[in-house]
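Each of the next two complexes has chain A plus one other chain: chain B in the first, chain C in the second.
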Partner chain A sequence: MINSRILPLVRKEFIHIRRDPRSLIILFLMPLLMMFIFGYAINMDLKHIRIAICDLNKTPASRDLIETLRMSPYFNIVTYYNSPSKTESLFKNRLVRAAIIIPSSFDKTHVQSRFASIGVITDGTDANSATLVQNYLYGLFMEKSLSSATNGTPVSVKSRILYNPDMTSSHFIVPGLVALLLIMIGALLTSATITREKETGTMEQILVSPIRPYEVIVGKAIPYLVLSFSIAIFILFFGHIWFKVPMLGAWGYLLIFCIFYVFTALAIGLLISTVVNTQQVAMMMSLVMTMLPSVMLSGFIFPVASMPKPLQVVSQIIPATHFLKIIRGIMLKGNGPMEIWPSVAAMSAVGLFFILLAVKRFKLKLK
Partner chain B sequence: MGKVFHLIKKELRQVLRDRNMLRVIFIVPMVQLLVLGYAITTDIKNLNILICDFDGSEISRDLIDRFSHTEYFILKNYPCSPGKIESHLFRGEAILALVIPQHFGRDLETLKQPDIQILLDGQNSNTSAVALGYCNRILLQFMQDTLEKKFARAPHLARSIHFIEPVTRAWYNPELKSVYYMIPGIISIILTIITMLLTSLAIVKEREIGTLEQLMVTPISSGQVIAGKTIPFAFLGFIEMSVAMTFGVLWFKIPITGSLPVLALLAATFILTTLGLGIFISTLVNTQQQALFMSWSFLVTFILLSGFFYPIENMPEWVQYITLINPLRYFIEILRELFLKGAGLNILWKELVALLSIGTFIFTMATLRFHKRTS
Partner chain C sequence: MPPDVEKSNHDPKNGLAVTVRNLTRRFGDFVAVENISFDVKKGEIFGFLGANGAGKTTTIRMLTGLLEPSSGEGQVGGFDINRDYEKIKTRIGYMSQKFSLYDDLKVGENLYFFGGIYGLKRDAIKTRMEELDRSLNLLEMENKKTLSLPLGFKQRLALACAILHKPPILFLDEPTGGVDPIARRYFWDLISTLAGQGTTVFVTTHYMDEAEYCHRLSIMYKGQIVEIDSPSAIKKKYNSISIEDIFIRLVDR
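Showing the complex of A and B:
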């Protein structure tokens, strides 16, 4: 494969990369920046949710309930008010996320009928938080109800968390970032370098030389394969050392699968370069085609199982979906090929599809 | 003014003549809206759960039914033997396993407080926490019903337990649709991309091919060049935003209760910040690729620190201070409040002031830098 015509191409491409240290620095700093934001700033747990309480009952029973809310780490009571009609202005001025209204008959119903209801109003503007707030309140009141039972709760529930016992979100996110950044950077760099040659007109010069199309592809691919791969290793080591992301499986397997994943990324870049003619469009297209699906549809944050069926099908042709399972399986669970082979097979199939398509289109375009 | 007009015309022509660019600018955002509107529901459902029933009594089957009847879980029927349960989680076949011990039903009757064990795959801390929450909710409901049955038989026990039931209601978005909350976010991201990224790319492209210098030796002032490079993208941004909003209203039926002129005013101040950033980025870099990487770093930081996915008040305090200079944070807030709550300037003036100050600062600084760099 590697002959005397390819090597100079590879060398030329490396010179391009070296001449642009600014891009190189950004390429290595950007992942760090993302890792820091995700590692330190992002926390999905809602804590200290701002709530307001309207106690229309004002009895020991209602005060006991308020005390429970006050003791919970999830809630932070910012204000008490006396007339339910004021609720609206609390939400309008964004003072609270939820308002709890204890009806005036609370203590009576609580004792007499055994079922007392209280009003909970949440601010639905942020639907996500509102759902969480409702869940927290529901759980809190349920527990309080059950704890009043004589003989304790009927069943004791013991839960054990495996693979990420402290539920540290960075352990989940850092492998995800590797998947996200590799596909993005790989596709972006490849499509940009080829369209740059088109823009400056040097592509035609290369093509009238005796170099064959596949040699152009290989010559362009090797340098960016090396670059993307070093970025991957950089992120992995940094995440492993700084954020203490565990590595329970074998580095060897992970790196092999990484290389294959990077191939897929390059193929997508190549494919984009056959469609567009300017760097500007190539970059926009690479961003749109890789970043969005890889963040939203791959299970990077949102589980694939919860998506509507058609989108689940789409997620299967996104390389990141499979690579995420592989990298998380190896790092966090210590999976070996025996456990993750279905994902490896799926990723290979998707990768091959993109590679063949790209090479075919590229050749066609050259003619 | 005439000169600026020609510059604008040239810029628009350059962008619009490229079919692929048009696709990226207009069709892609619509697809994004559509996909994201459906894909990002933060409610978590259809998670694979493995229930190992070592009891097999009527009561344990009742408990299993409660799990299979929710949309949160999909029951998996793998053979269970005491040591093998974990291996199903290891292979990723289920993310949650519930173990019902032998004699569960009998122990429950005789008040022996049987143990139920939950094994949870904690990789995705967020999903796992929510799944555990659902699981506990079902178990609590089960316990409540068990107690109820007991009370029916022994009313004297009944006096001791009192249930408190929250009656929940969500204002402004009664069905708690995630779309209502995603669309403002997506609109602001699209707007940022169009204005910040395209402005910086357009300037750097001219520098790369050398036409910027040609432009500078003509009688056109650098202020006019900046106007010519920003106004077209502000214009495109506004069109894009209107298209996205129309789409949101017609397809996803998102209500827009606030006033549109107020929205236009606030959007204009927001665009001031992103255009300023675009110019600023163009003064820092030499090639389009660098400009893209730079804009992209800004964009990602803005998105993550904007409260789009993650509420700001959950962040560590020092990060919360950083978010104060994030224009996206204010604009997403503005869109959400204005769309759903119909907030006016009497409430959103703080955001307006913040955006105006950030915008003026960045724009002035960027123009000065641009001036220095070109002269």
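Showing the complex of A and C:
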């Protein structure tokens, strides 16, 4: 039962969308651009970590150790040096991220006792990667020492990382990007279109007619739901095919939850449009209110568990927080509704809250 | 001076399209419309004259259901403006100062849209467009983008959008703003024709010469009605041939 008054509204919006090809191009290309930037340039994988080695021992034992480092794909030995005092200049000139100093007594301590100490100096200016570099090196040495401790039968400790064994950060980032982009675009589109009508006076002209508020909302929501959903499908398929983000779960579930997530984004846009009067302010507010929380507080990059308690509470009312669990769960873990229902419930609750608030304010603003 | 309070009947058949009693609207401390009262007869062209900021637009917005009065009573088309403002909307047409058209839509698309939100089906709108074409001359531009049209044309288009659903009462807020004199004259001819067909037209303007086209006139200043009568009666009362002079005299005191 399509209300005969909603249909002209929907038709009109689609005409607006069609007549603005530049915006359409931006809407589809911008996510692509962001995916490339986030997927490639911001690469948290560490490979070919540049290191320098100072071998003060120069024995087969130390050379064996160096060989292990050389063979590892994670490290790239840039230079060998002879004097530990040169270490600092290597870091100052940013030639290496870590320096390994093998002490002159290495072979003796290595053979005689279970513990041989090796000096590892890491560049701490990039705190994140410094920890990773240290851990890689530590892991490598642990493996090495275990394999040579028991004669003949090397015990290899293999630690597997489940779900994303290569720790390919794009698999981690791309679903997060989908969550970020959808809420940004949804809020942006709706808030912009409604405030534009307020600016030009056409909203007043619509309101003077017998049309009811819910018809205006539905008439705006349907076309932008379709548009946002199309962008969502585009981003998801691109991430899956180009970035090879796995899809272990069901597309059906993901797309349904996407729809609800987009609804929430549209509601946020509607809410913003009841607070501002010009398109420019609407767009800025949309960006700030969706991008900042969704990037910083939702678990997009920084884990929620490591945030202070008050912020953890705040993150629960951010739609992206829950959608991230859903999309990562479905794509990377193959979750079905059984496993992710808490997040679905939470996202629905948050979404409903925004929708009700937005509709209420919209109706209030009319009188 | 406002007229004596008439015995107002809730039945629109008593000949009154609009009645207003003690209508007031405040925005915080600022009183935009103060205690105004008047009647508009059916088929009348009723003019609301006044400078910018006098309260004309606020009054229209209260009568069209866009704004809630702070106090006072009123009826439009037999419906109470405080209680039944939704029902009023089915019986009125409205044209705003900004013309409120979609610039990126074609002329025909604007018409189909505004007709559609009044519940008119597309073929009904088409028929209506053909009816109006004789006087409004819109069909030849049907496929042109609204943005590219001259102002006089946009004005006629905005009027068309307001009367597609044949409302008995028409509210026009400064409909001739920025339009050249010939187009303005033509527009007033259209309004006269509409009034002749029985449509009540409530018009606000700050062009004093347009006062002549109205059956009755009310002059508004700082939210109050300072004079209300037919143009000829006002001219006689103040012994002047120019409404403009009368207006300046009234607002200067």
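Here, the second predicted complex is superposed on the first by the 271 of 367 C-alpha atoms of A that agree within 3 Å, B and C clash if a C-alpha of one lies under 4 Å from a C-alpha of the other, contacts with A are read in each partner's own complex, and residues count from 1 in each chain.
In this text, contacts are C-beta pairs under 8 Å (C-beta built on N, C-alpha and C of every residue); 3 or more make two chains touch, one makes a residue touch a chain.
This structure is a prediction, so every number in the text was calculated from the model and none was measured.
In the superposed model, A:207 lies in contact with chain C only, and not with chain B.
In the superposed model, A:20 lies in contact with both chain B and chain C.
Of the two partner chains placed around the shared chain by superposition, chain B is the only one that A:121 touches, whereas chain C remains out of contact. Within the superposed three-chain model, A:96 lies out of touch with both chain B and chain C [touch as defined at top].
When the shared chain is aligned, chain C comes close enough to touch A:8, but chain B does not. When the two complexes are overlaid on their common chain A, residue A:276 makes contact with chain B while staying clear of chain C. In the overlay built on the shared chain, the residue A:296 is in contact with chain B alone; chain C does not reach it.
Chain A is touched at more residues by one of its partners, and among chain B and chain C that partner is B.
Comparing the two interfaces of chain A, the one with chain B and the one with chain C have residues 20 in common. Taken in their complex, chain C has these residues touching chain A: 64-68, 86, 89-90, 92, 94, 96-105, 109, 112-119, 121, 161.
Chain A makes touch with chain C in their complex at residues 4-5, 7-9, 11-12, 15-16, 19-20, 200-202, 204-211, 367. Taken together, the chain A residues at the contact with chain B in this complex read 20, 22-23, 26-27, 29-30, 33-34, 37-38, 40-48, 50, 65, 91-94, 110-111, 114-131, 134-135, 137-139, 141-146, 148-165, 167-169, 171-172, 188, 192, 275-281, 283-285, 287-288, 292, 296-297, 301-303, 305-308, 311, 325, 328-329, 332-333, 335, 339.
On the side of chain B, the complex with chain A involves touching residues 18, 20-21, 24, 28, 32, 35-36, 38-48, 74, 86, 89-92, 108, 111, 113-130, 132-133, 135-137, 139-144, 146-147, 157-158, 160-174, 176-178, 180-181, 197, 201, 205, 285-290, 292-294, 296-297, 300-301, 304-305, 309-311, 313-316, 319, 336-337, 340-341, 343, 347.
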